[in-house]
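First subunit A sits with subunit B, and in the next complex the same chain sits with subunit C.
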Partner chain A sequence: MAEPAIVIIGAGPAGVRAAQALADAGIRPIVIDEGRRSGGQIYRRQPDGFTRSHATLYGTEAERARALHTCFDGLEGRVDYRPETLVWHISDGQVWTLGPDGHQSIPYDALILCTGATDRLMPVRGWHRAGTYSLGGSQIALKAQACAIGSQVVFLGSGPLLYLVAAQYVKAGAHVAAVLDTAPFAARIPALPKLLAQPAALWNGVLLTRTIKRAGVPILHGVTPLDITGGEEGSGAPDGAGVDTGPAARDGRSSSRAGTVDTGAVSGVTVRTADGGERHFACDAIAMGHHLRPETQLADLARCAFAFDPAVRQWLPVRDPDGRASVPGVYLAGDGARILGARSAEASGRLAALAALTDLGFPVASVDLASLRRDVATYVRFASGLAQAFPWPVEQAAALPDDAIVCRCESITAGELRATVTDTGAQEANRAKAFSRVGMGRCQGRYCGLAAAEVIAAAAAIPVERVGRLRSAAPVKPISAGSAGKAGA
Partner chain B sequence: MTAPILASATPAPALSAQSLSAPSLSDVLIIGGGIMGSAAAFFLRQRGLSVTLLESDLVGRQASGTNFGNVRRQGRPLYQLPLANRAMAIWRNTPALLGTDVEYLQRGHMRVCYRDRPDTAASMEAYAADAARFDLDLEMLSGNALRARFPFLGPEVLAASLSAQDGHANPRLAGPAFARAAQRRGAIIHENCRAIHAGKSGDDFTVTAADGREFRAPTLLITAGAWAKQFVEGFGETVPLTSRGPNMCVTEPLPYAIGPSVGVATPETLESVYFRQVARGNLVIGGSLQNQTFPDAYRVYVKPDNTLGQWQQMQRLIPAVARLNIIRTWSGIESYLPDSQPVMGPSGSVSGLFYAFGFSGAGFQVGPGVGETMAELIATGRTDIDLSHYAIGRFADVR
Partner chain C sequence: MTARFVRLAETDRPALTLHVDGAPVTALAGDTLMVALLTSGATLRQSEFGDGPRAGFCLMAACQDCWVWTEEGTKLRACSTLAESGQRIVTTEPDTTWPNQQ
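Coming up: the complex of A and B.
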């Protein structure tokens, strides 16, 4: 029997551990990763010539980061590693890649998707302003480039990443103006029994808060974001947004684009505090986010079935406890399947690889499987505690002012989206997108889709699961037409 | 998905013994809510007939919603130009007629040919001479004059035929806008209502939906695109209808600069790419090889090698596209007939039965004209539009 072709997409914690399990079984998997080096986002490595220690870069997770890096580096020669390569489509049993050597299609017998996560974002009026970043982006600026996103940074949102990145900024010597958590402190108490499934992680959270407080940074719980304020109108217009020189603008038919969106850079943020007052924090950069969302487009293109998970109010690819998707030969691991964190990703990555090996007829120790399943189960319990302690503030979507932008790529406001729902009856995500352009821009709804669904659900007075989810379309990320090469070449 | 998708859609009657024993009655029943059926419903209401339209999915979501959006008369058979002209008059009036903007831009349509196919330039010139008789004014351009006006064209482009009065519109908006306007004028529109059987007994047609609802009318219009064949065959007629999925994509937005929709005239499908710039600034790109469809599942998957082939061909037409990012690809389910012409007109064997489907990738522009013509034909029994080329009977001997 020829060696099966197993493709792993992603070289973060899940992808690396999947690759290790396959290499140990004598198979040489193809590992495709967008990154320049392995590690994923959480254990992202700094560029050549940077000399910060693992402890500086990864804090309490330094040893895990080191172990993961060492593991993957040790697989050299035993895996077919393709860094800086984007999988932009999956079709007919092949992944379609664009890498340094151009386009390639790679057939697979088994496909392990370890595609990771990006920030889950809830719009705030003014979030289109220059100086607004996601928490993940803010962390990458620091981790990879040793840069802060501003000289005075407000952290706004909720979830463990809010405190982690704020603490990392404090430790790195950046000026943090405030940490503004939308979750009420009291929400943590009923979540405690679940959070105790990972006592070390819980303790780390306590330490992060202490680091932030000791630096004199105010931490507010239960805030409602009202406004990200900005400087002069027209200064620093973001690419594309607010500019429309097309005929619609000239005909005066385009109301929301030309001139009416104030694109000045961030000057501060105003919130309503838990006691009902209002506070303003001056800053020149904001890091925002509400936990993470899985990057599921490739699972969708691989035609995996999805189901609505009410705990996180997201549509997630269906999988069995070992990571088998609904499509035979496709496996899902790590945060790309469900947000369970990096430690869980190492376990679920290995588990998915063992499931693939089992299905391909290789012997796999059942003891190993059982222990990995137990590991993952504790992370599931912990994650449900996090979702309870740091809830996605759906009420913010309903309360979003009409002039707040929902879709930053296309500069579409909450009011325009609501008018689409009211005027056309569009209640389904793809239908509302078709009529309003929300989610139709460069990010294809990856950053606004979840919030837009909440805005639609509130406007239509239907449960958010009835809104459905945006269908994924290739390319998963923008790629140039020129990448295809010239005809006949 | 059972939500009423049109804002004020009449809620589907609860499935009950009463609704089963008393089917909905109207003057005209339409199966298929693409731009053909939606426009027909609109113009039938304009003529005062009561209309019920059944759409198995959402109105305007299949071929009508996923096509390129060309509103071009140029390139159509000469005998089709009166229909296309009728449609053009409606397109120009859409804001007033529909009460909404369907992003119709009358900024021209241009066909170009390559240096290695000089015979295509000759046939474009001959077409221009003939088309003038049908009020289609085409300007032939080549050499410096062409490049001065359209400097983005690639060096392989030899000549062009420009129709200044043609243009393009937004397919995502147009079909549903006709349906909503029809509904405001009193048409009953049922979305997510899949017709599974149509028959005639006595004077009336009876159509049964998958959920058991029954609808009855003395006149039935089939505008079901790729899904029309089962109904045609149910009435004992033959049509060799197939379906294919267009190869579409869109770039990131860039400053608005290109007015006309531009396409390559060529006998080679691979080479036949086209693009238009929308007011938002994106280039919408279509053409080259098509995709396999799965009409039963309402799905079509874009083949990656078709996409890459299209991007290669696009660089011949407009080399600067190489530097633009593509942000999305898509397809839809279009119905095709062997001679690339639709079936449009009365059934050959059943009185009161009418067809308008199989527009073979060229239905969007004529859609409003088809709707108006079918409404005229149904309401008055006649039309000045010559429908002889589209008769269902031309396939009677095809087995």
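Coming up: the complex of A and C.
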């Protein structure tokens, strides 16, 4: 039998453990990742020349990070690793890539998608302002570049990552102005039994909160974000105290183009507190996010079936407990299939590889499968506790003021999106996108799609699952003119 | 000069100089273009829709908010492109020249 061609997309925890399982079975998989280095999001590596230790970078997860990096480095020669290579399409049993050597199409017998996640965002009026970053992005600035996103940072949103990144900022010496959690503290109590599925993770959460509080940083629960305020355009300092010295000033361009939307960089954030009052926090940067969403575009292009998951209010690719998608030969693992965290990603990556091996006729030990399935089940229980403790604030979508931008890419407001729904009757995500352009811009709906669906659902008074999901289109990320010029090289 | 990003560590790396909109900018080896621009200024570009300046968003090559260009017109994602000595970067898209018009 010729060696089967197995392609793994993603070299994070899921992809690395899948590659290891295949290499151990004597197969040399192709591992593709658009990143410069392996490790994925949680175990993202800093560039050459940086010297911070694993303990500094990954805290309590340092040993796991080291183990994963060592594992993948040790597979050199046994995997065909292609870094800095984007998979931009999947069709006709082939993966279409663009990398340092130009375009390629790679046929596969089995495809393991380990594409990871991006932040889930609920828009706040003013979130288009310079100085607003995704929560994950704020962590990348620190982890990969040793920078804070500003000199006074507010963390806004919800979920475990909110506390993790805020604590990492505090420890690294950044000035954190506040941690503003939209989840009411009381939501944690009914979630406790499920969160106890991972007692160590729960305890970690307690320690993170303690780190933040000891630094004198206020933590507010149950806030409703009202407004991200702006100062002088381009100002890097709170409340307009600074002057614009950005590129616009450097080249003397006028910065006073009038738009329908208030311009100017972040100067602070106003929230309604749990007791009904209003508070303003001055800051020059905001890290915002509400947990994560899986990157499912490639699964969609591979024609995998999706189903609505009411617990997270997202459409997710369907898979069996071992990671088999609805399409034969396609497997899904890690946070790219469902947000279950890094440890689960390692287990589900290995499990998906073992499922592929089984389907290709290789012997696989059933004890191994059973214990991995048990692991994943624990993470599923924990994740459902997290969803309960840090809920996606749907009511914010309905309450979003008409002049708030929903789509940052194309500058489309909640009012414009609502008008599309009422004027054209478009209630389905793709129709509403065609009329309003929400989801058509640079990010292809990654950062506005889920919130836009909630805005549409509220405006049309229908359940969000009836709005459906945005169809994915190739290329899954824009292929720049510069790179496309290398086609066929 | 008001910078947006604040360096917290790793400042012993060798310095390098690139040009942004014609002006010299000092960065450190291993910086992304985004860090090079936002430790020397507060914004990356103006929104093409008139809603003010932008300074990137996701830092993981997913949102495409941080496009800048080489003077030759090659589009770059500032968050995932390393700064290099001698680079000449512009923050507005240069006029496209088509090969058949040269």
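Here, the second predicted complex is superposed on the first by the 453 of 489 C-alpha atoms of A that agree within 3 Å, B and C clash if a C-alpha of one lies under 4 Å from a C-alpha of the other, contacts with A are read in each partner's own complex, and residues count from 1 in each chain.
Quick note on the criterion: a residue touches a chain if its C-beta (ideal position, glycine included) is under 8 Å from a C-beta of that chain, and two chains touch if they have at least 3 such contacts.
In this text the structure is predicted, and so the values were computed from the model without any measurement.
Participant: Touching A:S91, do we find subunit B (first), subunit C (second), both, or neither?
Facilitator: First partner only.
Participant: Quick check on the superposed pair: does A:A130 touch subunit B, subunit C, both, or neither? Answer first, second, both or neither.
Facilitator: Touch status of A:A130: second partner only.
Participant: Could you tell me if A:A311 is touching subunit B, subunit C, both of them or neither one (first, second, both, neither)?
Facilitator: neither
Participant: By the touch definition at the top of the document, which applies to A:A399: first (subunit B), second (subunit C), both, or neither?
Facilitator: Touch status of A:A399: no partner.
Participant: Just subunit B (first), just subunit C (second), both, or neither: which does A:E410 touch?
Facilitator: both
Participant: Between subunit B (first) and subunit C (second), which, if any, makes contact with A:P478: first, second, both or neither?
Facilitator: After superposition on chain A, A:P478 lies in contact with both partners, subunit B and subunit C.
Participant: With both complexes superposed on chain A, which partner does A:G468 reach: first (subunit B), second (subunit C), both or neither?
Facilitator: A:G468: touches subunit B, not subunit C.
Participant: Please determine whether it is subunit B or subunit C that touches the greater number of subunit A residues.
Facilitator: C
Participant: Where does A:F435 make contact in the superposed view: on subunit B (first), on subunit C (second), on both, or on neither?
Facilitator: Once the two structures are laid over each other on A, A:F435 reaches subunit B alone.
Participant: According to the stated criteria, A:G173 is in contact with first (subunit B), second (subunit C), both, or neither; which is it?
Facilitator: second
Participant: Do subunit B and subunit C touch any of the same residues on subunit A, and if so, which?
Facilitator: 243-249, 253, 410, 442, 478, 480-482
Participant: Across the complex, what residues on subunit A touch subunit C?
Facilitator: 34, 36, 41, 46-52, 118-119, 128-134, 136-138, 140-142, 144-151, 172-174, 230, 233-237, 242-251, 253, 255, 257-265, 284-285, 295, 405, 408-411, 442-443, 446-447, 477-478, 480-482
Participant: Help me check something: in the complex, which residues belonging to subunit C touch subunit A?
Facilitator: Within the complex, subunit C touches subunit A at residues 1-14, 20-23, 29-32, 35, 37-39, 41-47, 49-65, 67, 70, 73-77, 79-80, 82, 91-92.
Participant: Show me the residue ranges of subunit A that touch subunit B in the complex, using the header's touch definition.
Facilitator: 88-89, 91-92, 96, 103, 105, 240, 243-249, 253-254, 410, 422-428, 431, 434-435, 437, 440-442, 444, 460, 462, 466, 468, 473-475, 478-489
Participant: What residues on subunit B touch subunit A, complex-wise?
Facilitator: Within the complex, subunit B contacts subunit A at residues 1, 3-9, 58, 61, 65, 101, 103, 105, 107, 172-173, 176, 180, 251-253, 255-256, 278-281, 285, 301-305, 307-309, 311-316, 321-330.
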